[in-house]
Amino acid sequence: MKLYEYAAKEIFSGAGIPVPRGNIVTSADEAGETAKKMGAVVIKAQVMAGGRGKAGGIAKSSNPEEASRNAQRILGMSIKGLPVRKLLVEEYKKPQIEMYIGITIDRKSRCPIIMASSEGGIDIEETAREKPQKIVRMHVNPLTGIHSYQARTLAYSLDKKNASAIADVITKLYRVFTEYDCTLVEINPLALTTDGIFALDAKMVIDDNALFRQDAKEEETGSLEELAKKRGMSYVGLDGDIGCIVNGAGLAMATLDMIAFYGGHAANFMDVRAGADAEQVKTALGIVSSNRNLKAIIINIFGGITRCDEVARGVVEMIPEIKVPIVIRLTGTNESEGRIMLGKHGITMASSTEEAARKVVELGHTDK
Amino acid sequence: MGILINKDTRLLVQGITGSVGSFQAKQMKDFGTGIVAGVTPGKGGSEVHGIPVFDSVKEAVDEADPNASVIFVPPQFAADAIFEAADSGMELIVCITEGIPVHDMMRVCAYLKPQSRLLGANCPGITAPGESKIGIMPNSIHLPGNIGLVSRSGTLTYEIVDLLSKNGLGQSTSVGIGGDPVTGMSFADILELFEEDPKTHAVVLVGEIGGTAEEDSIEFIRGMSKPVISYIVGVSAPPGKTMGHAGAIVSAGSGSALEKIAALENAGVTVAKSPADIVKRLNYFLR
Amino acid sequence: MKLYEYAAKEIFSGAGIPVPRGNIVTSADEAGETAKKMGAVVIKAQVMAGGRGKAGGIAKSSNPEEASRNAQRILGMSIKGLPVRKLLVEEYKKPQIEMYIGITIDRKSRCPIIMASSEGGIDIEETAREKPQKIVRMHVNPLTGIHSYQARTLAYSLDKKNASAIADVITKLYRVFTEYDCTLVEINPLALTTDGIFALDAKMVIDDNALFRQDAKEEETGSLEELAKKRGMSYVGLDGDIGCIVNGAGLAMATLDMIAFYGGHAANFMDVRAGADAEQVKTALGIVSSNRNLKAIIINIFGGITRCDEVARGVVEMIPEIKVPIVIRLTGTNESEGRIMLGKHGITMASSTEEAARKVVELGHTDK
Amino acid sequence: MGILINKDTRLLVQGITGSVGSFQAKQMKDFGTGIVAGVTPGKGGSEVHGIPVFDSVKEAVDEADPNASVIFVPPQFAADAIFEAADSGMELIVCITEGIPVHDMMRVCAYLKPQSRLLGANCPGITAPGESKIGIMPNSIHLPGNIGLVSRSGTLTYEIVDLLSKNGLGQSTSVGIGGDPVTGMSFADILELFEEDPKTHAVVLVGEIGGTAEEDSIEFIRGMSKPVISYIVGVSAPPGKTMGHAGAIVSAGSGSALEKIAALENAGVTVAKSPADIVKRLNYFLR
């Protein structure tokens, strides 16, 4: 679960990491009011998208009028398709040096990795590519947590003069990383200003698997992705016209690949996970068929924990509402029961992923 | 003899009284797996499908002497179950549970000693046809033979195993290492065992987008004497949600399927284009 | 640093371990008042000594009058030489089962060890000797802390029916053990009562080396032991008549052993630690010579970090105040400077521990 | 060649700019120890007695390639210094610091891998006369020879070494393992090295009251081919403050000197009655 900048900054600040004073506003007036109290401010669009600055979603404002004007403009924007509904109005801190600190999981070493650079800011990925020696990396043993010497050594590599303040930020950031079950925490830039060190931006992603023990709550968007997630399924909308329902992410990807292999285009990725019952299959069909571009649907189930008869029951109950042809492949647990249930409904059957993909692409084309 | 498991494997089932644990214990027993005990705290003294149930792994060890364990407990408690299995000397721990927090898994992996090998979490387990099965792969799909299979996926593993069997290509062992960001044994760990296993003549490696697990195995594959056919899914998958800058900085690659395929092919590893293509290429190597 | 029962119980209670309601009182009246509110109570002497119960320092009281009477009696007592100044007046909980839980450090395994027994109470050490199978032991990895399965397994071995409440106590007790830098935490008995599980007694010892990061404060007693400790030295009073000042605990023990070997009796153990300067030596001499039984003093210094000239300077400055003969052995860093300083003051010199011990015993005897 | 250290030992001094660190670095240098670097965070670039100082152990390793480290940093920071030394690959870490919290030391000991050996904390260090010295034993007391000495004490170690030297009984290596409840290498660990060391002909073991470190070494001593003379101090010491019941329950023994002496003698280990008696018994074995 990705957090908005302002939510991440609240947590960082609570952990003792210095962030500029700031206010969340939803109107130009509020932005002006805040600027009256703070003086020079930065107005920052709160959207879950990178490149806000380059898109014009961040604006320095020297006085309340300018702040209000900038807020007005940014509140009217969409960044990468996401409408801007909230702004963070923050006291302006002029950065003298922009550093980078990020902590994520190194899958290969199976432990947290801290990355730090004295050359932070918007071009950090370029720095990583062009001047890899400018990025210092340090693994942390998850059983001991960060050792003081590690924070200190990283801090020395960034700015020896301010090492102790930087080491403090790194230590606290690591604490946030573990206490909040993060898969990512990032400060870019960590800025040295005339008022000291400040985290001018903040990124934080919480492990979805750990949400049961974190009280972070996602803002609801009403999207199909969210609806699927609530029902324990995984849905991603795509550009094509063949709806897909598969159990297992790997098999789902293989199904998409096979559709592409036969010249078709998937309308979505949908993993109903292991053990889906008839109700879940119905929900999945409802989500997938809500797409108006749909030409055909493929259902690809290899039942292990999932029972084929449950899947078939869900499909049969939804048939009256589905207006496009369905190709279904059912293998595994209670396969024959499932096939019998489907037999009388004129649904195209297949016995492998490849066959199902080939057939659904044909059906989709025929329909055009 | 399969890798990691065989006829002599004495299996413990942690979480045996749950609905999935109980169902899968029955499936494994039907397959021929030597299940010697189950554990569910508070249910000690009962039986599931004739298998004695204990309150703790230690008791199960004292009474039934298992050497491998499979874990079906809910994600909140799964890491603790792995710690318990490891502390009790289990040589192989197979964790089926999906949804374990990644910080728990990092702690588990940092804790495990070399004498305890972990498969998963979030994996379908391991099957040595005709000998033993630990996990949840459907019983019917396997055929004894000489192909070693290793995969990060669940149902896709069944699909490939099923395809191989239907084409007469039996398996020495099929292994799912799990799809989570942090797992126990890696591709390379399994490949090493296949390379040493006299019964395995060729290996199928099924990878997918995300991370660099496939790329990390390349170095080992290059030194192998046995043919390895890889298959990577996710070519047409939507690009993953980006993980800030850090995700891109931490690994050289972006984790896309095309990048993986390019890396494997550049290193001279065979990459199949579809499941059917795996069969074709295996037949070429094994003819 | 050892905590009083009431202080340990406060911490246990703060950590969520159930303890009976209680009040600290210093007078019989207060005890009566408390009993009025609580009904049946137990009056417990708060002294740093074991065997309080057997000494009569614990008394059940069914009504306020009895409570007041018992308090009066116990406040007049001394237990193992320690006068009783404070009482814990606690709601009475009738134990049905008395269990034992202790956590300490297993030096050999270099990690915490939890010990638990279903047969707790005053005879636990006997149980440990006679029925060792009744004590369950479990090591904890200090990097991971206690695993849930460990607390659960221990709890099952005590009382399967109440396992979850007991496991909870064990987990919380382990948390206290690490958070407070303890070398010991102990609940004996952990009692099952009709009102649930309660810690009826509580022992807690905090690592002296960790006091810099714990805010526990010792109550001052004004003892010589305390005075020495404040100056970074270690003093223990003994029954003999030869005062001892040595640098290093091992050498100090060897010195005491040698004194005994030659038929003498040490008046104290005193380790001035490594690096003692003249001021510390003077303090040490002051503490040691405050003993009126003293017949002679031995000073045994093997200078490594400690400088012999500093020691000599301290001794010389104190000579006017010392009324008994001194034997001094000075070896090591700046030895000759030290010897020269002492030379003119008629102090007996020795060149080894054995020689010094022999001479001081002779001098002590001569004086009688 | 001494055990653990010798002429080729390349020493790093952590906390070299402190008053004790600086003084003792000079002493070690005078003894002939090969000190290659010092570390004090923030003092990188300076020099102490001609020894280059770095900000971190990693820098020191990159520039000066030490293989052993001695730690003189204050107790609050000492555990971190050990972690730093271990993570940087030091093969031997000698921690002189007194007063480190025991919970810190438990964490350190659980963390250390076999390739990093720790002496201490709260120990006087290790001296191989004529070769190298790490720690704070006075330079003048040592004499090269064939006696291995291992002790839990500080100044008592000096006393015994001095006595041996004055009686012509030179040492192969003298080792202080430290007096804290939880330390790195144990008596048995050091005895094992002395047993393997061709230059060591007899061993003196100096123990004291508290714990069961002496008793725990008995089993190893019984298998040794070389004579071991033990000396235990604290016979007339006041009984230690009791540690609740747990202290008595955790170890079979009470940690008293008489109990230790009885256990050693019962196992056939020679116990000297006084320092002079050590000399007498050594002369008996070595004549």
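Letters are used for the chains, namely A, B, C and D, taken in the order the chains are written, and counting of residues starts over at 1 for each.
In the analysis below, a contact is a pair of C-beta atoms (placed from the backbone, for glycine too) under 8 Å apart; a residue touches a chain by one contact, two chains touch by 3 or more.
These figures come from a predicted structure and were not determined experimentally.
Novice: Tell me, which chains sit next to both chain B and chain C?
Specialist: A
Novice: So which chain is farthest from chain B, going by the mean of the CA atoms in each chain?
Specialist: Result for the farthest chain: C.
Novice: CA centre of chain A versus CA centre of chain B: separation in Å?
Specialist: Comparing mean C-alpha positions, chain B is 27 Å from chain A.
Novice: So the centre of each chain is just the mean of its C-alpha atoms; given that, what is the distance between chain A and chain D in Å?
Specialist: Between these chains, centre-to-centre, one finds 54 Å.
Novice: If you average the CA atoms of chain B and of chain D, how many Å lie between those two points?
Specialist: One centre to the other, that is 47 Å.
Novice: Residues of chain B that contact two or more other chains, please.
Specialist: Within chain B, residues 107, 111 contact more than one other chain.
Novice: At which residue positions does chain C touch at least two other chains?
Specialist: Only 141, 143-144 qualify.
Novice: Could you classify the connectivity of these chains, where an edge means two chains touch, as line, ring, star, complete or other?
Specialist: other
Novice: Each pair of chains that touch: what are they?
Specialist: Once each pair is checked, the touching ones are A-B, A-C, A-D, B-C, C-D.
Novice: Would you pull the chain A residues touching chain D in the complex into a rising list?
Specialist: Its residues touching chain D are 141, 143-144, 147-149, 152-153, 156, 160, 163.
Novice: In the complex of these two chains, what residues of chain D are touching chain C?
Specialist: So the residues of chain D touching chain C come out as 20, 23-24, 75-76, 98-103, 105-107, 109-111, 124, 136-138, 151-159, 162-163, 179, 181-182, 206, 208-209, 211-213, 216, 233-238, 241-251, 273-276.
Novice: Spell out the residues on chain A that touch chain B in their complex, using ranges where they run on.
Specialist: 2, 50, 100, 102-108, 110-113, 115, 124-125, 128, 135, 137, 141-143, 178, 181, 183-184, 186, 188, 203, 205, 207, 209-210, 212-213, 236, 238, 246-251, 253-254, 256-261, 266, 269, 273-275, 302-305, 331-333, 352-354
Novice: Which residues of chain D touch chain A once you look at their complex with the stated criterion?
Specialist: By the definition above, chain D touches chain A via 41-42, 44, 55-58, 77, 80-81, 83-84, 87, 107, 111.
Novice: What part of chain C is in contact with chain A in the complex they form?
Specialist: Going through chain C, the ones touching chain A are 143-144.
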